[in-house]
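Below are two complexes that have chain A in common, paired first with chain B and then with chain C.
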Partner chain A sequence: MKNIKGALVPFSALKYLGKKPHTVRYPFEKKKTAERYRGFHFNEIEVCIGCGTCSTICQNEAIDMIKIEGVEPGRGDSGLRPRIDNGRCCWCGLCVDMCPTGSLSLTDQYLHTSPDPDSYLLIPGVDNPEMKENISFTKSDTEPLLQFDRVPMRELDGAERVKSFAEVVLGYMQEEARAEATRCVDCGLCVTACPDHMHIPEYIGAIAEADDAKALKYIYDNNPLPEMCGKVCTRQCETVCAIGHLGEPIAIRWLKRYATEQFPDPAAILNPKIAEPNGKKVGIVGGGPAGLSAGYYLALRGFDVNIYEALPRMGGMTFAGIPKYRFPLDSLDKQIDYMKKVGVKMHNNVRVGKDITFDKIRNDNDAVFIGIGFHVPYTLGLTGEDLENSIQAIDFLRRVNIGETVDVGKKVVVIGGGNVAIDAARVSRRLGAEVTILYRRRVEDMPADWEEIEGAEDEGVHIVPQGIPLEIIGENGKVKSIKYGMAEMVPDDKGGRPRPKLIEGDEHILEVDTVIGAIGQEADYSFLPKEIMDELKIERGRVVVNELKQTSIPDIFAGGDNVNRTMDAISAIADGVRAVEGISHYLLDE
Partner chain B sequence: MSAILQEKETTLYLGPQHPGITGNMMIELKVTGDTIRKATTHVGYLHRGFEKLMEERLWMQCFPIVCRICVPEPDPNEENLARAIEELEGREVPERAKYIRVMMLELSRMATYLLWMGGQSGSAGLYTMPQWTVGDRDYIIDLFEELTGGRVYHMYIWPGGVRRDLPEGFEGRVRKVLDYLEQRLTDYDRLLFENAIFLRRAQGVGILDKDMAMEWGVVGPPLRGCGIAHDVRKDEPYEVYDQLDWEVITHEGSDVYSRAMVRRKEFEQSISIVRQVLDKMPSGPVHNPGPNPLKWRVPAGEAYVKTESARGEFGYYVVSDGSLKPRRVHVRGPAYVHGVSLLERMLVGANIADTSFIMNSLGTCPPEIER
Partner chain C sequence: MSDTLQKEEQIKASINAAFRSAKVSIQRKGRIIVEFRGGILPAFASYLKEYLNFKHLSMISGVDWPEDNQFELVYHLWSYEQSIHVMVKVRLDREAAKTKTLTPLWEHAETYEREIHEMLGVEFEGHPNMRDFILEDWDDLPPMRRDFMTREYVDEVYEWRKGREDAQDVRQTIAEQYNTEVPNFNNEDK
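Presenting the complex of A and B:
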């Protein structure tokens, strides 16, 4: 043997003889896994919203969304929860990184052996609640897969805004819209939250795919006033957005606005198919969102539609109530003109009950739709309310929107905390006044959109929260000042939100030129003949309808603010769309 | 042995389940006596159609697939896919992530070489060595587990950087493992690389001459074992390899022994590279996020990227048509050349007992042949 060294060195391994192996622990202990070990799943059932993003991203198709006991579908929750097939799972953890709520995680449990194939199906969090203590791999805050930040919307500067009624929000540019649309995970929770159940994931998907025309078609499928919604919708969809749980919800409203703004004439893109006339006539009282929506889709189905509107323009409260810096006239006209092209006949300046009787409309048509809205303001019930320059926000906004000159003087106080109050305040600012909002509760209790409140503050509107108006003081029949007292918040005995309670003696007086009341409105049914009023079921000022928007009188349908409690445009549109089904069903037996 | 036995041709089937085969594949041997006259490889036992699967997956969903293309060494696959996508998108990778990637790739090389040491010595009948190296490999696997959450399939290097930052105190634990492995090298040398039995079995066996290696497209340690200094890390540096101090290792001899010595030295070199990475690693973010994976479109185009894996140059050709899914992902791995074409050629005239020995020296990975 030439290589003696080579023959001997291997024997050095003998030094390990008798030593214990270093890969096994003595006495035996179960392996402790690393802190971010990717073992079996765990799901916080309460935090999970059943959006199904985990199931979508799973490349093994190991995740099914199933109905489980004890979780009911609701607002922003599909009622479904993931079930993992551990026979298919590869523990890549993409489901965890993609989970919009962070409810899904992986645990340190890594061993499961059973002859029963069903035991490999795991509903995390339900089948293994004890694993909550053993969570290891969780969503990362610093290396996110989803984008939680919204593409910011460009707006006019606060100081610039008050100089005119120019539109405040400038809208997304193409690149911005694409980027924002890309954030969506297509869960569809928004669809259930939208009163009109618009095809939100579909049109957002189309925008992300750079197909704006397709987006517009999806939008017009059940909303004929999308540009209006794109600007002023109360967007209940965004409140349930899956991305909104850990980040900012997708700007669904702005995306809709973007899609509609791309096309000056929707008809060119939509090229709607209008059915042959079916010989049935429908009269619509009130040209607001409800009436217009019903009219548009009825016209598409071949109905002969006439809309009667008291104001000089169509649009109802969206024309009369919403200030032009939020919803400009040309945008409204564009949508109305398109409806006219489809064949909806519109009659402006016709007040039903005065210029034409309701009975005539009813006799001339096979069905009638009532969408008159809430245009009569509640009064404050204060001394001095009847003074000159003590006005109502709804009347004030309507006069400004119609184009009348309204002199509010130098100092204005608006009473109320809803969107109407904020609108009145911001309009007054644009008319050159110093504006104070007096609201009985705290700012966070205001029913107005937070964006509106912020916008008002940016424009220099002063908000006095917990201020209760006590008396409007006049001089020579005109408003001179307003007396208000400060309130403290006390818990509500009935479990509602805290109530304001006047603090004795803490009273202030504010010099003002105009007081604007904005504490709510109601409907004016005076145009209805007595026999109809007797027959029509009305509860708390609202017409009672069935789910197809049919009233207690079979040929009379109703929708909008005078029916639903949400009192927003999208609910009115939804009513109109539903009423089309009801009217078709009633007249054509479809 | 009689003349009749010498001439009678016998067929032997090695695999698909055989400890000497580095995965599930079969070699059909026609032998006379104990000399191989013809070798035919049969693959397909592991075929899962990864390349085709990816055409039906979102870009992000490909990321848990590619690691399966080579079980013992998944990281170069992740690296290739990530880098190809980054090239198509023009996405920048944070500096820290680049360092972490190099650390992962080198640790993965070391883990693979440890497994190879076990296989190479095991196929020569030296059974203590696999016990040691597989056990020592577990220390690296433990590091992977701590860093990535997975022991074997890491799913860690992804487009835009890496998935998570280093845990608290991780660098110290890496250094500890490196120190341990460095000290173990002496043991490995004594037991295997200086072992007279190994030298007798390895020297002059499995000759692959320079010209043939070049002609057949051989890469990695088998090529460097022919004295040719070819290493992607040096030739076309990626990540931060050009900022680290290291040289391409070659060895003259063209036999199993020279290939073994290349790996042995590269193992030592990897320890040094990881230490440099730990010294130089800057702080900062580790991931440059991209779009929402569900709506992620990679710009249309094609990219060919390559990484020096433990088996050699490892390439990915990725084509995007601008849609949500890859149009084509083609994996160009060394295993097909080494484990099918070349092996069939090299086994002719070899001794039956050297079949696994030669196969191991080439670094074959059957799942990669059948990606």
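Presenting the complex of A and C:
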């Protein structure tokens, strides 16, 4: 019996027959690599935005940003893509963890030997598209190295706001601004979206380095109204921010605001070098952002500049249209005063065509810049529109901003969904009225900024989407109520956005004291003499200009809302800055 | 809750009774952190090993804290009987980083200490064999110090592979796309 066990022992090895062997197999079978193995890079070329953060962070200088055929630069994309020197890479994975879009990853592929040194350069995603199947090391979700959350902005509470025209947004404190600026990866993609191509990464960098004066210099290099932009800019830059792809974009607008608010007098910091007078004179019609920007930089270059403005203050729509709770007067005055110091001559309360003829301005100056904006409202085309208390938002806002007392009664309805409509609604709230906004499409279709819409709702403005006004009903020549019908959204046959279609019979009547129309504006060219109107090329209400903002008449330049389609302050400033190049070129270089 | 941490609480009480300056905290079940001053570390380690049965030294790691002008050494000890992991954290002055070796207690501490000496520049008094570890002929700042500038070193030491000359600067590329120039206010007088 003793020996039987000994005889069976060799057979016990049989149990290993069914198990998978650990030894190397022939023909060669590759073993699976570890989870999150870090091998060759892979890049989703379509997702990548060419921000270069991978290249910046690489401690081995192993990543270059290069141009690649088929990848075009554009809004929010530099057109560059990373290339890895695998002879230098140490596979630390920092590039992957820092990638703002998450397009970069590492694969489980790692075998490469070659006597050809060039073969160690790899454009991930272009040279190795097949490795998409082998992605193993990706950005950590749990411990991101980038800071995705924005430093929150302090605001007045909704109930508090409607009591006065006090500024709603309170601005960053120093530490908040530094913390926010530190989130920036310094890529510069924001510049692609800014109409004025401001030096955004540079000024954010300066704020992060606690050098606010340097930030101000970068800001004023191509924007003379930065405090205004810091408060009310439409901030296209933030829509393309690299951090915005996976987190909240850097608060570029608030940082600009912070930098400008640090200095009560920009002149003391900027100490601008003003060129010797060059003997050339430029007349500017309209003291809005376009005219002011052109005027400021022309004055710095030694031009003799005169700006003619019909309203009692400079600023154009930023003065007359934007309510004071968004852009206070003293902030505007500060910027205008600085421009005066530089030598821009400003004439308020001078309406060109009435107080001075356009021909006189043209004869007295070597070049003219037209930046008159869009100040004439479109009418609604409704019965009863000419009743008393049926007013236009743009006129209403101007009167309030100039300081007139406007009585809107207890109940107001605003028609339209743009920023002007929202402004009119929020101002009416501050005048003590109950406000309803009537908009023909859905809330998400509103052209107004989302935070303006949200702000209005916080302040108790009631929004009725898909409501089409039908008739304004009067009593004794005054507005009594408004009749509107509900609409459904139907797809557009021409492929445009869905159109509202009136639902038969779904009509409502709203008792109101005032109806405010806000469905758009156009320019008033009546100040131009007939000969000029005939010669000046105008298409769909906008003056046609070339790259340097020169019109079809060589000595006349134009910019602002009456030229560009984006119709915001920063585009107007960009137009003004470009026109400075155009005017200098025209008057000085022949 | 309290009974599940009973062993940990006991160990904490024992350490506190024997070494008053030790700051003991229980991170979670099975994990204790002890902050300790450097001077009498061998005595404390010996106490943990002989009296509290932390027989195994798992590893030693080093952390650089230039903000505090200190290095931190973390000794990971393990008790097989109680399945408890103790981390002993010792802070050293960064300017004169020196501590006593633990090789008399655990022979294999020799390797960890050699590595930390090479990577951070910490001296271990009484270490029997402080030769070069993995860096050859290193005469620069110890490379795991946070003030060691990896990029500068890489720039100086390594060659640039051919074929990399077409690298572009992202910011410059964007500026050129829109015919703009980025001014330089860095060197201006204030």
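By our rule, the second predicted complex is superposed on the first by the 561 of 590 C-alpha atoms of A that agree within 3 Å, B and C clash if a C-alpha of one lies under 4 Å from a C-alpha of the other, contacts with A are read in each partner's own complex, and residues count from 1 in each chain.
What we mean here is this: a residue touches a chain if its C-beta (ideal position, glycine included) is under 8 Å from a C-beta of that chain, and two chains touch if they have at least 3 such contacts.
The structure presented is a predicted model; accordingly, all values stated were derived computationally and were not measured.
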Report for A:Lys214: first if it touches chain B alone, second if chain C alone, otherwise both or neither.
second
So in the superposed three-chain picture, is A:Val9 touching just chain B, just chain C, both, or none of them (first/second/both/neither)?
first
Check the residue A:Lys163 against both partner chains and state whether it touches chain B (first), chain C (second), both, or neither.
neither
Between chain B (first) and chain C (second), which, if any, makes contact with A:Lys340: first, second, both or neither?
neither
Is A:Lys537 in contact with chain B, with chain C, with both, or with neither (first, second, both, neither)?
neither
Tell me which partner A:Leu145 touches in the superposition: chain B (first), chain C (second), both or neither.
first
Classify the contacts of A:Gln59 with the two partner chains as first (chain B alone), second (chain C alone), both, or neither.
both
Taking the superposition on A as described, I'd like to know which of chain B and chain C A:Thr33 touches: first, second, both or neither.
first
Take the contacts of chain A with chain B and those with chain C, and give the residues found in both.
59-60, 186
Chain A residues within the chain C interface of the complex:
50-52, 55, 59-61, 64-67, 73, 78-80, 83, 85, 87-88, 117-118, 120-121, 186-189, 191-192, 197, 199, 201-202, 206, 213-214, 217-218, 221-222
Sites on chain C touched by chain A in the complex
150-151, 154-155, 158, 161-164, 166-171, 173-175, 177-178, 180, 182-183, 185-186, 188, 190
Per the touch rule, the chain B residues reaching chain A in their complex are 57-58, 60-65, 126, 128, 135, 138, 142, 145-146, 148-150, 153, 155, 161, 163-165, 167, 187, 189-191, 194-197, 199, 285-287, 289, 291-296
Would you mind writing out the residues of chain A in touch with chain B in their complex?
1, 3, 5-7, 9-10, 12-13, 21-23, 33-38, 53, 56-57, 59-60, 90-94, 97-98, 106, 136-137, 140, 142-147, 179, 181-186, 205, 208
